[in-house]
Amino acid sequence: MNFSGLIQDFGPLTITGLAQGAIIALFALGYTLVYGVLRLINFAHSEVFLVGTFACLIVWGFFGLDQNSATPGLLGVLGYLAIGLLAAIVASGVTALAVELVAYRPLRRRNAPPLAFLITAIGASLFISEVVGVLTDRNQRGVPPLIVQKDVVSFGNTHITNLQILIIVLALVMMFALDRFINRSRLGRGIRAVAQNPDAAALMGVNKSRVISLVFLIGGLMAGIAAVMYDLKIGATKFDAGFLLGIEAFTAAVLGGIGNLRGALLGGLLLGLLQNYAASLLGSEWLHAASFVALVLILLFRPTGLLGESLGRARA
Amino acid sequence: NKDTSSDTASGSNCGYKLAFFGALTGSAANLGVNIEQGFELAVNQFNEKKGSTCIEVAKFDSQGAAEVAPGVARSLVADKKVLGIVGPPFSGESEAADPIFAEAGIPTITPSATRTSLASKGWKVFHRAVANDDAQGPAAAAYIKDVLKAQKVFVADDQSAYGAGLADVVKSKLGAAVVNSDKTEGDGKQTDFSALVQKVKSSGATALFYGGYYTNAGLIRKQLTAAGWKGTLLGGDGMKDQGLAKASGNAAAVGTVVTCPCSPPEQAGQDFNNAYKAKWNVAAGTYSDVAYDAANIFLQGIEAGNTTPEKLNNYLSTVNYKGIANTYKWTPEGELDPTLIKVWAFKFDASGDTKADQEIKTS
Amino acid sequence: MLLELKDITLLYGRIQALHGISLTVGQGEIVALIGANGAGKSTTMRAISGLRPVAQGSIVFDGEDITKLRADLRVVRGVSQSPEGRGIFPGMTVRENLEMGAYTRRNRTEINEDMERAFTLFPRLKEREKQVSGTMSGGEQQMLAVGRALMSRPKLLLLDEPSMGLAPMLIQQIFDIIVEINQQGTTVLLVEQNAQQALSRAHRGYVLETGRIVKEGTGQELLHDPAVKDAYLGVA
Amino acid sequence: MSEPHIETPEELDRANERPVDEPAPSGSAPESRPTPEAAGDVLLEMDDVTLRFGGVVALDGVSFALRKGEIFGLIGPNGAGKTTCFNAMTGVYRPTSGAIRFQGQSIVGKKKHEITRSGIGRTFQNVRLFPEMTALENVMVGADAHFKTSVLGALFRLPRFWREEREGREKSLELLRFVGIEHRAGEVSRNLSYGEQRRLEIARALATNPTLLCLDEPAAGFNPAEKEDLLNLIRKIRDTGVTVLLIEHDMRLVMGVTDRIVVLEFGKKIAEGTPAEVRENPAVIAAYLGVPTDAA
Amino acid sequence: MSVATDKRNGGAVRGWLGRQPLPVRLALVALFVVAGYLLPYVGSIPVIGPQIVTQGIDWPSALFNMSYYVLLALGLNVVVGFAGLLDLGYVGFFAVGAYVTALLTSPDSILHTEWAWLASIPIALAVTMLAGVLLGWPTLRLRGDYLAIVTLGFAEIIRIVATSTEVLRGERGFSSIPHPPGQGSDGKPIFGVADATPYFWLGLTVILLVIVGVRNLDRSRVGRSWLAIREDEEAAELMGVRTIKYKLWAFAIGAFIGGLGGIIWAGNQNFINSATFQLQFSILVLAGVVMGGSGNIAGAILGGALISYIPDRLRGIEFGDTDLYEYRFAIFGAAIILIMVLRPQGLIPSRRRAMELKDRQKEVAPQ
């Protein structure tokens, strides 16, 4: 146990943990949304993210950007960033919709038992990640150095870089926007209605199929954003990147209370911090173990996660 | 004249197979493919010289996984035409597969499995065409001390048998110069190394030795650079792959040092490099040359009439073969003769390739 | 006829809940459906609103065959249901629940008008406008469910046991409101355990027994039918 | 609350209704006091039981006692707390305060299966069978409650396994015959008709060898002829020595079969007595039975 | 249906086999068993044989692989199929069984006991069952999906501990784990390294025993209790079922069978390290159980065999000039989707589930 190291690096660890947590949180939204509405774990969501991490690279590739390119000027950076985000969002969104269409809808049509959904989702996940694996020869693919990290704020040994600010702010903004959307807009109300009482929602004229597609789509969009942020932060992606981070995102969703949007944010940030602290205190090899131990402990005391379940179902 | 080939194949010392055993698919395929292509090139050249398919190439894909290896090894053993095996490339799969080869009595030459303990299992068929991990660790430490002259070194590893072993040796050889150490998870199990990066930065180290493979190392190099750490990353032959620079970008990778118990490809000679490139349309990779040599040793033995696995194995114990990468002569345990061991340091250059830096004196 | 059910059968798994139900609801009527627990009243309602598929038979609404139509599209056509067990959205506020009732509509001013109308009918809801509905009492939730069903400006309002869980005083009130709604032009199909109250206000009624219609008639006829009296009305 | 809160005229009435059952009027911890007249053969006793769900007070200081061998009715308007009473007795909910004693022993805080084994069997208001199990299997689950075959015994098919399995099957078949659905033994319970399902629930509860059987609206959805059968069945059950606690909205059934009745409203007991007494009780008429139909 | 028939099949829902007369049943079962033991020679059947056997991997080895997958599927079926507890970390028990064996038998172990393989079995099984109970205990309060993530977490913790602790030797692993005992008449060990057939027979024998055991449990009050818990946990408890006890038993029995798989595997493998016990492995086995027909022994067997057989069979098959093996998991993923969409209840569902699904399909509201 390295307490002095943890104390010394506490500031920087917190910042990097928050940035990582923000990505996890955006990713976790997809799990939470689908679970909130369908009560099903969408195992294929990890691949929705994966597709996003490659989509922006491919599009940047069209513009001749690869890991060896020079960093473009500010305008270029913003432009490429926007294009990359767009590409990732579209690709992830389309993947999410496709997963719903292929792996969920046919089963829903037949009123299949929940386990069947879990398994088709696993099948979809396996299929997508393996196809990506074969297409990329299972090699890592480097990310263009779009953002050269610079310290923007510094105090003591704690520095906050431009990228970290971008990630955290973007995650918070998206969360805020999504929260508003779900709670204020008509469609958002439709989503909550289906989550809280699907039959009654149908009686109000809500098209359940469309709401479900919408939920997958939103999850996909958020995963797309997370994917670009992941690329920029980690610096490379690989066919199994989704599976790895997917488990963390799923853990975060459960930690915060699966089905609960704010829970996903809380869970994600907490997980990011926890992993960094644990890595510092115990060694990096324990960072995942630490997050699972924390998960088990938290669930023992709060069996439905920190913030409780569901899109506003809290009291039901 | 296709049909004559089968005729001549049954001619003198023909009609046998040499096998490659190792990963051709899966995450670990890069190294396996390097080796298989070097091996296959040698056999092809041999057959061309003979003008027939005298010796067939048999490929067995183990995926580099210990749990898959036994079944594949048994199917290899079932093929009674196989006289010798080039492989397995990794130590884990060797542990699982070599007992089967030993039982079947088929000689193996591994061009890259460097776990020290493999030679002490009493497998009579085991031969290693490179130095084991015991040679590389001290060499890396010597390089850090004598060439880099780094005062503060951070040592990390990925907990693989290979990486951890290497890191432990480096740590013990460097002694007080090691300011801190850490472990990461293995390839594909961790991508965010911010905690490690932070530790490296805080430690004030000017060199980081990472015992592990290029996949993680590429990410670590990139994240270190992004976080503004300007020191040198060093590692063993597991990091000697263009994949490192592909992930980190050439600019970040420049100057990264890897040690390898292998010779610079230039030494393998233009002929080999050209032939390889012509056949496979890529440049020869790490250990392609050693695999080429291993195949040629087998071929020479078969040519000399050693047409049973047993005879071929006996032949190997007498061999003193000068190949393109090295000269080969084995101790009774199957290790390369200590006097023949070479460790080189390579450096990533601006094109993302590794260039020979210097041979490291280990003793 | 606004609504016509022809020979509807419906299955839950292999249990046949409805054995060929035929009934009609005319424009502007209040029609009551009474019967014992498990007779199939709610099931009939679910068939009409599209929550359950019918195995056989057809449902015609406003001249259109809606047998195979999705539930949410039936709402657009003008069928609105206050379901058994209220079916409120417990995590939403009273106002949001009412907004949900108007989900298929876009015209803000009309929606706001209707919201006001609901609040006038149920002043209690106005008081609790911002309360999360899951925390309200059963009776209040029942009012909300009825109010919400009205928000879609239905042509046909299906009420499944609107008096369930209400205090006796409120029961009186809710039946008065049903009459009022009806007089404002909404057709009502009413399922009630409280047969006494329902039949006395209904234009016509049907008696359901184990998935079959065993009797029909005007409200008064049924009220005075000895068999009906015996089974559903009296405390002996 | 220990004070008998007499605030309204109705409550005054009620207080008069049940002189025997008053909670101790003073002292911070209410003493348990079984009904004196029946102290000897009290089977189950609710003693000032209060049960809250968040803000909802589902049971508010309810006290009554069941005597061995009687058929006891529990009635009241929807939401009065009848089912909650059952749930408190069977360990589904834990009372916020108060005591429940069964055969002299407190059962508050005991596990559900322990309470069942100690002799309280029940049915559910909305049928809760094991839908994918056959009728016979459903009853056998109940019968298993008193068997002792261990996991290892089942694994190695020890003699006791065979014995108990045979006993259980015979007993279950007999119970199915008793409730009149023996011919449906091999059918998956989901596929039984509503009435059959209700009977099956009773058989399953009886299989646990209860001394007290709690029936929650067993006649719901029955037609008059079926109700008549049910009435006979309940009497038959009582005649085998089982005490029956019955929740029912059908007054003819309740009045016809019960020996005594308690009436709940808004979680409070508003009356207790013989069917005849309760029927005439103005508070009960006002709260539950309603004024005889003069509106018509 | 007469009362007499009810008595014969115990009022249980039986499949086709269960409805045959006893002699027919016995004969069929005997036939199956014999056929099972003859599987290693299936390649010599003309025409169809060569289609069945694997190419890139030794056929008896592929059979042995199937046998431990089937064992795992049988065990997981007890947990998921019978008791309805969604366990995503089942590989953990497999790992525990293998590791305890390795610790007790391998010369690399710090225990230096170097026991024979057979001697290590009782302790290995005891430890795995204990692990099952220990993991089960804290999770009993958790509902379905929470249970899933927690079990997944436990398996990851086991893997990380195996990777990162000195005692379990991480990726260096344990070598020279002894094989099962026994000598042939020629003095050679029966369980050698070169031929996997005896291992397959061993695996098959264990499978048969496990089938008998699991079936005995399923058709007893234990199975009834599990089913009741799965259908309505609270009602079950109110009918006197000790839900906690039976859930823990399900975990323990599942762990026992998984551990058994690990022990046999270690005995064949000679070498184990932490790299084997990947999460994907658990998920695959779960997919096998559900695909085969969760809750049905025959289904679990088929599913377990398929998840091992399909990828192995795809070895060495060339399609154009791409080796299908590279695509095996992609093909496999697509196959899973296809199978589940076509047969949501699994390939060989229990009759109960098949009926249930058929009924549910009739209840889909218009879409």
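Going in written order, the chains are labelled A, B, C, D and E, and every chain counts its residues from 1.
The rule is short, and it goes like this: contacts are C-beta pairs under 8 Å (C-beta built on N, C-alpha and C of every residue); 3 or more make two chains touch, one makes a residue touch a chain.
Note that the structure is predicted; figures quoted are calculated from it, not measured.
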Via touching chains, subunit B connects to subunit C in a minimum step count of 2
If you tally C-beta contacts across A-B and across C-E, the winner is A-B
CA centroids of subunit D and subunit E: separation to the nearest Å works out as 44
Whole-Å distance, C-alpha centre of subunit B to that of subunit D, is 77
Separation of the C-alpha centres, subunit C versus subunit D, in whole Å, is 32
CA centroids of subunit B and subunit E: separation to the nearest Å works out as 37
For subunit E, residue numbers touching 2 or more other chains are 160, 163-164, 326, 353, 356, 359-360, 363-365, 367
The positions of subunit C in contact with two or more other chains are 13-14, 50-51, 70-71, 135
Residues in subunit B with touches to at least two other chains are numbered 159, 183, 185
Chains touch in the following pairs A-B, A-C, A-E, B-E, C-D, C-E, D-E
Note: in the complex, subunit A contacts subunit E through residues 35, 39, 41, 102-103, 106-116, 118-120, 122-128, 130-131, 134, 202, 208-209, 243, 247, 250-251, 254, 258, 283, 285-286, 288-289, 292-293, 295-296, 299-300, 303-305
Residue positions on subunit A within touch of subunit B in the complex are 5, 8-9, 12-13, 16-17, 19-20, 67-68, 137-142, 144-145, 148-149, 157, 163, 233-236, 238, 240-241, 244-245, 275-276, 279-280, 283-285, 287-288
Subunit B contacts subunit E in the complex at 25, 60-61, 65-68, 70-75, 77-78, 92, 95-96, 99-100, 102-104, 115, 117, 121, 159-161, 164-165, 183, 185-186
Within the complex, subunit C is touched by subunit D residues 54-56, 78-79, 190-194, 217, 220-224, 251-252, 255, 287, 289-290, 292-293, 295-296
Touching subunit A in the complex, subunit C uses residues 49-51, 70-73, 75-76, 80-81, 83, 87-92, 96, 99-101, 103-104, 132, 134-135, 148-149, 152
